[in-house]
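Before anything else, here is the set of structures, which you'll find just below.
Two complexes come next, and they have one chain in common, subunit A, joined by subunit B in the first and subunit C in the second.
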Partner chain A sequence: MATATASGPVRDTGIGALLRHRAVAKLLLLALAAAVLVPIVSAKWASGAWPHALTVDLTEPLGRTSDWIIDNRDSHPLFTYFFGHVSNAIVLSVRGVYLVLLAAGWAGVTVAAGLIAWRVAGVRLAVTASAAFAACGLLGMWVPTMQTLALMVVAVLASIVIGALLGLAGGLNDRVFRILRPVLDTMQVLPAYAYLLPFALIFGMGVPAAVIATVVYAAPPMARLTALGLRGADGGVLEAVTSLGATGRQRLFSARLPLAAKQLLLGVNQTIMMALSMAVIASVIGAGGLGDRVYQALSTVDVGQALAGGIPIVLLAVVLDRVTAAAGEKAGAHGQDTSALRGWRGWSVAAAVTVAAALAARFADRLEWPTDWVVNIAPSVNTAKEWMVDHLYTGVPVVGGTADWASHFTTWVLNPVRDGLQGLPWWAALLIVAALAWLIGTWQTALTAVAAMAAIGVFGVWDKSLDTLAQVLAGVAVTLVLGFAIGIAAARSTRFERLLRPVLDVFQTLPQFVYLIPVVALFGIGRAPAVAAAVVYALPAVVRITTQGLREVDAAAMESSRSLGATSWQLLRKVQLPLARPALLLALNQGVVLVLAVVVIGGLVGGGALGYDVVFGIAQGDLATGLVAGVAIVCLGLMLDRVTQPTERRVKKGA
Partner chain B sequence: MRTRTRVMSAVTAGGALLALSGCGAADMTKQASPYANAEGAKTVTLSVQSWVGAQADVAVAEYLLKNELGYRVDKVQIDEVPAWDALSQGRVDAILEDWGHPEQEQRYVKDKKTIVRGGDVGVTGHIGWYVPTYFAKKHPDVTDWKNLNKYADQFKTSESGSKGQLMDGSPSYVTNDKALVKNLGLDYEVVFAGSEAAQITQIEQFAKQKKPFLTYWYKPQWLFEKVPMTEVKLPAYKEGCDADPAKIKCAYPHTPLQKYFNADFAKKGGEAAEFLKNFRWSEEDQNEVSLMIADKKMSPDAAAKSWIKKNESTWRAWLPE
Partner chain C sequence: MSEALVTTKDETVAPEGPVFAVENLWKVFGPKAERIPDDTALHDLSPAELRERTGCTAAVRDVSFEVNKGEVFVVMGLSGSGKSTLVRCLTRLIEPTSGRLAIDGEDVLAMDKARLRELRRRRAAMVFQHFGLLPHRSVLDNVAYGLEIQGVGKAERREKALQVIAKVGLDGLEQRKPGQLSGGQQQRVGLARALAVDPEVLLFDEPFSALDPLIRRDMQEEVVRLHREEGRTMVFITHDLSEALKLGDRIALMRDGRVVQLGTPEEIVGSPADDYVRDFVRDVARADVMSVRSAMRPAGSEEESRGAALPPHAKVSEAIEAVARSGFPVRVMDGKRCLGVVDHAGLLAVVAGTGAPVEAAAEAPGEPSGKGEVVA
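What follows is the complex of A and B.
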């Protein structure tokens, strides 16, 4: 067995010491299990491919389910009395918010955004917020921005309410927490694209399906952070409150919730960011708004227009992120506000000014964004893109063109990795997964990882999943090399980090659809551009975590090594990197999860495999193909997460 | 006590939800987009398909509906099959260009009667395999499928490995290419671009480099004006030769493209429905508008306007009396 030789560095020789070493013991145990099971398995199914006898074909039942839903959607009580009402309520709420936004007009909304930011986070953010909304208008995207905003308001509120309720249950009850936690942990690693299809089938194309898919994606962080916040409350304070004779409810509202305020606001922040990242993806099932503009621009290969739709999303994300983060910091700090406009007075001033602005615009008959204030950025962006592609595509001296890189990358990296993975006997693949997951985690995580991997085989998409896995591995490798390099540079130079920050912000929130076209123009179609798009998306998170991890390395350790005369290179290699190991592992885990999320979207640029099947499922309304591929991606995500996740969980997911 | 308050609040919440959406059964099929009719105008919702020809249809129809008939037009971009579903639910009122979906037609038009046919668009669609004309001129025999294997080497890419690459496009398009390659014994690998945008970008990139390529493509399509392509002749299409998708060995048919309307809209849609029924134009007209949108990057609205200025006699005939 190959696994037995990989025993790693062991200082102490001798069998006893070997066995005492935990990693080795785990591996030996696995090798033993393999020695027993593998001969049986290979005697039964000689070939290395996933045995046909162990697959379940879901095409037939899933096809029937989908037919049943379509045939009964307008008559069955489940739909008319339950889903129908849910759907109506969503449409009514989104419409309500949308009408309010339209009634306020661009002046009202822009002023209101500024004032809210001012009350919550101060003058600087107020200017940013107003400027961001004005920019949406300038780009000629006012109406789509309002549509997206209306959808987001409803989806975010629903996510917060649902998430907070779940979190409350988990925070107050240990058993609920134990059940909830693995579910929420899992939800955070699921690529959103994979589970759009069932919602579209039940609710039909349109806003209700989009809102519900968004809520499912965005509610988990709220629930997680609420539960963690409540559980983390200071025991002493609770004790004191109880001894004062407070009832359960008083204790909750007067002590536990206020103590958890910072976590709750972090949850709100995370929820908003996740919801916004769904804005474009959900347009595939009819969300409308900005996402739809980006999606339509994609079909005419118009990068400029796609960017015009994507920038408002980035701006909304940045503003909402900063404002909620500032609110979180405020909740953490205990400074007294002494200005004349504190509390309700400030808010009433804000409300009055907003109404005045909205009315002024109405009487000036300027309710809609004036068309002559629109700047069309599309032509210049497209010219820039053409220039870039013409000069980088091929024949660049010394380094070669991007097209050559892509083809070398496919031939020399992607193909061998894919063929290697697919050539691996299936039981060997399972054993490797088990070994990796067990070494880094516990036997439970190993079991989950193996079960997830086996499920892929059972659903009959083993080969395709390994193709996708090969793309993910290649993408992660590139991301880590680039991410660590940039992260180290940023940790060493504050000026570089400051320059980098807005770039990272943009790439983290820019909808992936926007850069799919330039990526194809540079790298052709196929798996290489899919990997490239994934790297672009995952890089910011990896860079951030690396930089932060290196920065947080104990200053005393650094100082003492420096005084011993270590050069800065030695310092990095011998002190900083080893001490920042947990952060680097976290970066790896994040990289894997984020790369997987985009490799799916890579199906749109020729990535093939599971991503293509999901896209195919949505495009053809084919539940059997789409859902199985979606589930396989989820299983891959689960497996990869468990294999790269050191025992304790991280706090949050990327964006 | 506590459980009772909890039950009470649950009941109240449920009641509020019901009250909000009107009591009793809620029919999702009678539900419009929340953004529709926002300014009190009559609204028509059109499905925009992802290809530019369909966008040209919608752009012209939208312009006339807005400026001649006073409607507000909402556009939703959905893939072809889900668009049928949305049409049957009334989420969209009309599909202006359909390339033939017999299964959906059976289900929604014949069985459920929620969709009605809206007549020809006036354009005939044809799917086929194409090579760039600059390559076909140098190697005239490539246009017969029997010689394709001879050229497989030249069509190789890193993605297709040792075989030639046959590029397919969006997963929503009708394609038999995998079966064709197998049944005709061709030494090719079908590579799916995954979206039309990716496919067009790749074709343009190849054309810039004057590289040979073989692609699934369709007519009418504006890209032919920019990258001239020649069709490769496959075994001729005969009625019924595509009945069994696994054994298919013949070319794609010529399909007169169709309009489809939501049944309610067709009955109660007033002037808009009548106008859309009359809407019918030629391939040249459609291409002219498509090219303005896709190649000159004009907004669909501006492209429609420029066509409408020049072709008054054509569109006057579509307007209801």
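What follows is the complex of A and C.
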């Protein structure tokens, strides 16, 4: 290698050459390992598919465990004394919140939502919040909305308490933080769908399992942001506080926590949004509420009903996001509040008005949403959908129909990719994973990725996982093409970005589940709609990261190349894209994680593969199949994340 | 170290012990830092050699000095000279590696946590370069923070805070948040917070480095004024030589963790200890630092009773003005006694830096100062 550098023409010097050489060295090493190992394994197991000798059948032991749990759920001390109490406590608190919401009546809840939004975020959001709740009633979804809300309140409170405590420990103690961080980071890349089954197995179908799955899914961001917020506190301020002789407790309460307030509220915001997302998906394991309405409607391809359930979810998501985000901004602003109704006065006015509204509704005997105020949109939506099926699905001149697109996408993209992956010898798949992960990351990430991929084979779901992987790859490719194109356009045109921003804001807050509704309406069911939903879900994040990355490129570098007379295309290609490389890699990573999350949910609308196994497992009571599929999803998620995750060390060096 | 002689304006006050007494203080960062101070073979290494040999960085190396009551003690040096580490060692915000450190004769390094907190709460308060204000609190609550930490009741601490806020010229801004203030105003809040606990010593860590030059000058004058009014002991860290000369009764000049010279501004400028210091003070306007003593010659018999008179601590620049105006030598008068005269030749020699090095100009009344000495 040294001679090559010395004798060859000097085209690439410094770090670039070093990196290239390091990459070559890694690949050579890998090729060497392959040259030794591949003949051995192919001599032993000749076929390209995952060798049967290397699989472990988990279905039977898992099935036995599941049967045992079902048999002993009412008698074994572990359940009666521990899980039973947990379960009861959850049921009681959810029911308690639900009863309070019902007692407040629709008037009380709508008024309360408006007033809370008013106190936290101002008049405009107050109107939006009240209108959103009224719309839920109008759509005839008042009761499911309250069910979802009750579950959310309990799950969010538990998530915040648990997350904050974990975050506090991680923020104050280095060792806890070192253990906590990789766990939380990993939990955040796993698809929500994979969390459902273990809890369904232990607690059975129903609200307790749904609440616990939601808490496990929603607590990590709170813990993470709390820990990071506490750690990120301005060292100068903390030193000043110490220099005045503050005790540890004084330092925590008077400086560290207030300084982290913005991060804490961001954590609350993220926790609420993730809890909503999960509470809706958890309808699959019996959460009830809005998600259940959508789930039931989707399983009979009743788009009208699905939309009636989906709109309240969207409204809830937007209102919750805006209100909590506004609270965070207020905490960060450190402005003065001079209005007469600041502090407790405003809140007591709000509480009094709420009680008055609830009492008024009670005395008027109007606690429940009046049935004659319900607008049933399902029939008209379904008529529209029928019209679409007749006119848009197929045979539209020149462009073809949506169903045609879907089937073409399946035939020409999904099937070849899947067959290609499944036709690949298993050891070649492992090698590719190893090479990709090692080139982008370190040997540790490569090892994790390969181990995760091998685990999929060992659990005997190799082919199904590759089917899911094919959908993910196709989805990611589409997402990146669209996302980079839109992102570059938005980075170049401020006006376009201004138009795009509110759209992205809304799309980024929506729970994964609701994306299934429009794609089923447009494309019917199958693998292509699942991929389409995943693309739509992942697109906003990719666009946003790309735009930000391009915009944050060092202005001095841009200016200097412009002064040298670079065209805007040269500027983009030679300056912006290379300098924004870390952001683009992050966009890729996010794209992969998000696409996977929805592709597996696509099992509900005919996506097949692993996602379907999970649904099937739940529907048929065959938890073993579902659990294995869930584990495979986790492994797939881990592998995809590690393969696309540039190590922090490299990013720091490059930037 | 020789005993410092202290004379104050009130001659009847007996000399007291120093506020801070620092002896052979070391602060070493790195693996097994404790061994460095004891290993005399390592003491003469340059920082780069030391890091190469041991992996350690000695931020403070074998530093000794005393801070006397009522003086402004300036520690001055470039970035990386160890001055900020040194001032943090004084209240153990950074734990010293070895050495002795006493406040009013009490061993600081032997203090337990509670005693140390007591020291930080009531005896030494610090003002920071980047202010270190709590962004979520109003100016009033920031200033009252130290008292709150001590457990003083709300009404009492607010009253006290209001007094201090008025003293630093922030009246009317009590309810603002730090983010709504200019840099200079924020540092006034930092100063007020330190003053509010009525500490025995004020520690300043490059307090004005982050400020614009004009505001910096205002703040320096504020400190001079406060010192004149209250006579509080101050330890002042700076990298700005003119600031050091302006504020300091005595200056310790640091380089690579060592004190290379310790003395009055006049001694530092008039007789630099080595080439480093000489290089450092080369561009100083000497006429504004040196006193007329350094330009003085014995008075002739006629000169003793004739001409304009200046006190011995008057600056050379004042004498230049007087000589230029009258055309005659000026007398240096200590009360009724004539110490000598200065003429244009002596003044020019000082300005040009060709005069003889100054010796102790320390006993001058009106200037509390220790005996200058060269440590290096």
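As a convention for this text, the second predicted complex is superposed on the first by the 547 of 655 C-alpha atoms of A that agree within 3 Å, B and C clash if a C-alpha of one lies under 4 Å from a C-alpha of the other, contacts with A are read in each partner's own complex, and residues count from 1 in each chain.
Definition applied: a contact is a pair of C-beta atoms (placed from the backbone, for glycine too) under 8 Å apart; a residue touches a chain by one contact, two chains touch by 3 or more.
The model shown is predicted, which means the values in this text are computed figures rather than measured ones.
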item: Fit-or-clash call for subunit B and subunit C when the two complexes are aligned on subunit A; value: fit
item: Subunit B versus subunit C as contact partner of A:384, first or second or both or neither; value: neither
item: A:375 touches, of subunit B and subunit C: first, second, both or neither?; value: neither
item: Superposed model, subunit A: greater residue contact from subunit B or subunit C; value: B
item: Partner chain in contact with A:503 - subunit B first, subunit C second, else both or neither; value: neither
item: Which superposed partner A:618 touches (first subunit B, second subunit C, both, neither); value: first
item: Subunit B versus subunit C as contact partner of A:241, first or second or both or neither; value: second
item: First, second, both or neither for A:393, with subunit B first and subunit C second; value: first
item: Minimum Cα separation, subunit C to subunit B, after superposition on A (Å); value: 16
item: Intersection of the subunit A residues that touch subunit B with those that touch subunit C; value: none
item: Touching residues on subunit B, where the partner in the complex is subunit A; value: 17-18, 20-22, 25-29, 31-35, 38-39, 48, 50-52, 55, 75-83, 85-86, 89, 91, 107, 112, 157-159, 161, 167, 170-172, 191-202, 204-205, 208-209, 293-294, 297
item: Complex interface listing, subunit A residues touching subunit B; value: 70-71, 73-74, 77, 79-81, 83-89, 91-92, 94-95, 98-99, 102, 147, 150, 200, 203-208, 283, 285-286, 288, 292, 295-296, 298-302, 304-305, 378-379, 382, 389-390, 393-394, 403, 406-408, 410-411, 415, 516-517, 520-521, 524-529, 602-608, 611-612, 615-616, 618-622
item: Of subunit C, residues touching subunit A in the complex; value: 91, 93, 116-122, 125-126, 128-137, 145-146, 148-150, 175-180, 190, 193, 197
item: Subunit C-facing residues of subunit A, complex; value: 234, 236-237, 239-247, 250, 254-255, 258-259, 261, 334-336
